[in-house]
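Once you scroll down, you'll see the structures, which are given as structure tokens.
Each of the two complexes below includes chain A, the first together with chain B, the second together with chain C.
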Partner chain A sequence: MRTEAVLRFGIVALLVATVEILCRLHVIPVGVMIAPSQMAVELTKILVSGEFSADIISSIVNVLTSTVLSVTLGFVAGLIIYSAPGLRAALEPLLASYYAVPTFIFYPVFISLFGVGSGAIIAIAVLLAVVSMITATLNGLDRIPRVLRKTGRIYRMSRIKTAVMIELPSAAPSLFTGIKLSVAYSFIGVIASEFILSGSGVGYAIAYAYNNFETPRMYALMLLIILLVTGVNTLLNGVDRRLQSQRRR
Partner chain B sequence: MSAAASEITVKSDAVKQMPVEQPHVALRGITCVFHSRGRSLHALGPVDLSLTKGEFFSVVGPSGCGKSTLLDILAGLNPPQTGTAQFEGKPIQGVPDGVGVVFQEDASFPWLNVHDNVAFGLRRAGVDPAEIKRRVDYAIGFMGLKDFAAAYPAQLSGGMRQRVCIARTLVLQPRLIMLDEPFGALDQQTRLIMGDELLRLWRETSATILLITHALDEAAMLSDRVGVMSTRPGTFIDIVETGWDRNRDSRVVSTPHFGDITARLWEKLRVEALKMMSTSETRSS
Partner chain C sequence: MRRFGGTAIVILACIAIWQLLYLYVGDSALASPLQTVEKLSVLLRTGDFWIHVSETGRAFVLALLIAVLGGIALGVILGLGRLAGDVAEPILVTLYSIPKIVLYPLVLLCFGLGMSAKVAFGVMHGLIPITLFSMNAIRQMKPVYRRTSQVLRLTTLQTALTVIVPAILPEIISGVRLGFSLTLLGVLIGEMFASQRGLGFLLTSAINLGQIDTIMAIALLLTVFAIACNTLMMMFDRHLAHR
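So, the complex of A and B:
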């Protein structure tokens, strides 16, 4: 393990240990937060009982659907915008300021369109994630060296073959960054929307537990989300590192 | 190394250089004009040039004189506005079969290792895997990359990456190899060594080579003939025959004859470089 990784692990372990001690000493009251070890015990109970399995599956399916949709739509939109410089010049300021708009304000619109449930949740998550993929696609295409496209012409490759065999691999690191961001935004969009737009899902279950003073369950479910996001992010970072390490000069 | 002691032959009219036999490459009255936002830029020509099969021809000229435009026309990447360009007797329309190009910029594919970079064109052409292995192993060995076949371009030096690009071109066995300032980003020692490797490649493949370069010493050392281009719109104002024998290598740089060739090239080029500088100064003022 590298020094930075050891240090990172040490910082996280220290924070968890501090919270554990503060909770055990009742410096942090039980009504406010339970000790991390208790969260882990409660989470194990929840997972073993299968009580929240339907909610967990519902959230994961929503995150996956939102990721696939935002990556696909973002990539296609990125390609279209890239191939129309006039359109790009018009849209770029909007794309740059997009994340200044709190997407969640549109939730009444989506409820009207899709009703309460997965449709509206996915729509909000896609709206949140899609622009990161558009921006990453534009970045990736901008960074393809001209000489590689020229090389494709020297090999007498068709436009489509050049796109698939040269442009796509060349833009892959940027595109993968877009995928990583889309996954993160999809998680945020889905879990946050479930608080207000749903009768199921982990976000709904957390809100339900909070409203009914079921603090251990609430923290167990929050821990589940943190572990899920950390796991997915570690996996994606591993792939990203592999992609980048091939190209780091 | 053997350096022909013959005198430098300077022919002021490139058109008169037409060989009697059918030229491997022939340009007649080539001009190129770029149009952008209502403005026209006469970049090249009229240019006439004939290259014989197996010749090593270099082009030198001031920056912006149209050297790379000339290469693009020969490679079929850009059509000329007027004139005809022929390769092996056939008009150049699109990239002709049997032509390989090495660019100044690093054109290696960073996502492929050295072996897969070199094999790229052969795989694309659907060549038999056993034949691919044979040709790739040869090209990698020839360019001194045997120990780096599994390495990615990012792990190699600039010179080695350029060797990967040359190997990738060589493996397709082109009959005309064009190099656009391939050693421009390399230090002097590496350039001399790469020059030797290029000469070795030329001798073994018998391909016709067209080298675009800024470096007069590189052109003088490597070429059978060197074409000197004028400032924009570029035309050949001189073609210098070096008189080297085919077995030359970088040691020719220490001969008096090399100094004579370089001096002759500089004499012509200096005038053009000064013209170009005065033009840019006039524009900026």
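So, the complex of A and C:
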């Protein structure tokens, strides 16, 4: 595990260094891309001045709202679909095709429904994220070993006790994978919607900087998004790996 | 047949909800199912619309071709080298979850306006899931396959083409199914910002003009197209499984 982490870090560092050198030597023109070190400097400037704090906070609030909504809705919908096999058989072909539909094309529709603002942004992010949570819930419930439920019956556990003490912990790793995907999709949904059409948020700030040729600012905000997503992703992957290895034990 | 009946009922229910929503929010915010279909049939009869469709189609086919071939090749290379795969996987997963739209200005600056930027954006979206699926498939492949190819002294290329790709075909199809929609999405988003032609451009101009029926007609067309292609790929997959 260690060697891979070191190698991975080395590769990423090498890439960044290459871009840095190419930018410094003006092989990549300043108008196209600024050096990574300059991006970092610009980013700290922006963060210290607090100029984009409102945008950053609004994006993060939107991502969190969308994650909570899609995890809750997806979990409940998953439970309902699981307990009704007829419904499940009818829905399954549609669920399998769901991600084939580029959900973003419905964003204009949501704008005309909710107006430009958080409502439409959260709606599109939830639409993108909820199905992965439903699928993960179904997967988790499917994979509960039969013997666990039988054991519960032998101990004469009530339905609620079985759910809380047996089914939920057993399905936890799958559910967590669903949560992880929901976070990723919420990020994509929120930032992209803000970028396409909106009046606030980091996505909007990037589009605005781009349209006004404020290249340093644009790259600083891009760096912010990449760092944020990488950080959250690494954290969730760590938890995920621990949960998965628990299942194997 | 009963299964399809259930699905049909669900689809009908969706259309009914759409109609109810339309009655609730009114003409300005939503077009009814009937209006949408009518608008689509009008659009389909105009020559201009087909120019846009073929433009998007060309960009999409090109992007998908690059994403599929590149994704499979990368996936095979990373899947065969254990260390390379271990090193690359978290990087790929992170790249997958980055909202790639923020990189859009960079793509435009590198490729300029036009076809190549659209294709590049489509490939950016579609390449990674296909790579991840094929890589993981190889890592879970039975070791005996590779040992057999060693015994038969196949060259690396022969091993890849005659042993590995057939063995992981179902996973490749799953990857392509996901990559397909993401590539389409990438191309459309590319057109929305930096193009004078294509369905994405039509969407943006309809948004600006507030033509809700055009938006919904294009959305319907793309949805039907995406689901039809996806269903075809799933049928192909099932056909392989029965073999």
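As a convention for this text, the second predicted complex is superposed on the first by the 247 of 249 C-alpha atoms of A that agree within 3 Å, B and C clash if a C-alpha of one lies under 4 Å from a C-alpha of the other, contacts with A are read in each partner's own complex, and residues count from 1 in each chain.
What we mean here is this: a contact is a pair of C-beta atoms (placed from the backbone, for glycine too) under 8 Å apart; a residue touches a chain by one contact, two chains touch by 3 or more.
Not measured: the values here are computed from a predicted model.
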Contacts of A:Val130 with chain B and chain C, given as first, second, both or neither: neither
Chain B versus chain C as contact partner of A:Arg153, first or second or both or neither: first
Touching partner for A:Gln246 - first (chain B), second (chain C), both, neither: first
Touched chain A residues, chain B compared with chain C: C
Which of chain B and chain C A:Leu175 touches, first, second, both or neither: neither
First (chain B), second (chain C), both or neither touched by A:Met165: first
On chain A, the residue positions that both chain B and chain C contact, one per complex: none
Sites on chain A touched by chain C in the complex: 3-4, 7-8, 11-12, 31-33, 86-87, 89-91, 93-94, 96-97, 99-106, 108-109, 111-113, 184, 187-188, 190-192, 195-197, 203, 206, 210, 218, 221-222, 225-226, 229-230, 233-234, 237
Touching residues on chain C, where the partner in the complex is chain A: 3, 6-7, 9-11, 25, 28-30, 83, 86-87, 90-91, 93-94, 96-106, 109-110, 177-178, 180-181, 184-185, 188-189, 192, 203, 206-207, 210, 212, 215-216, 218-219, 222-223, 226-227, 229-231, 234
Parts of chain A lying in touch with chain B, wherever the complex brings them together: 145-148, 150-151, 153-157, 161, 165-166, 169-170, 172, 246-249
Contact set on chain B toward chain A in their complex: 75, 77, 94-95, 99-101, 103, 105-107, 109-111, 120-121, 124, 152, 154
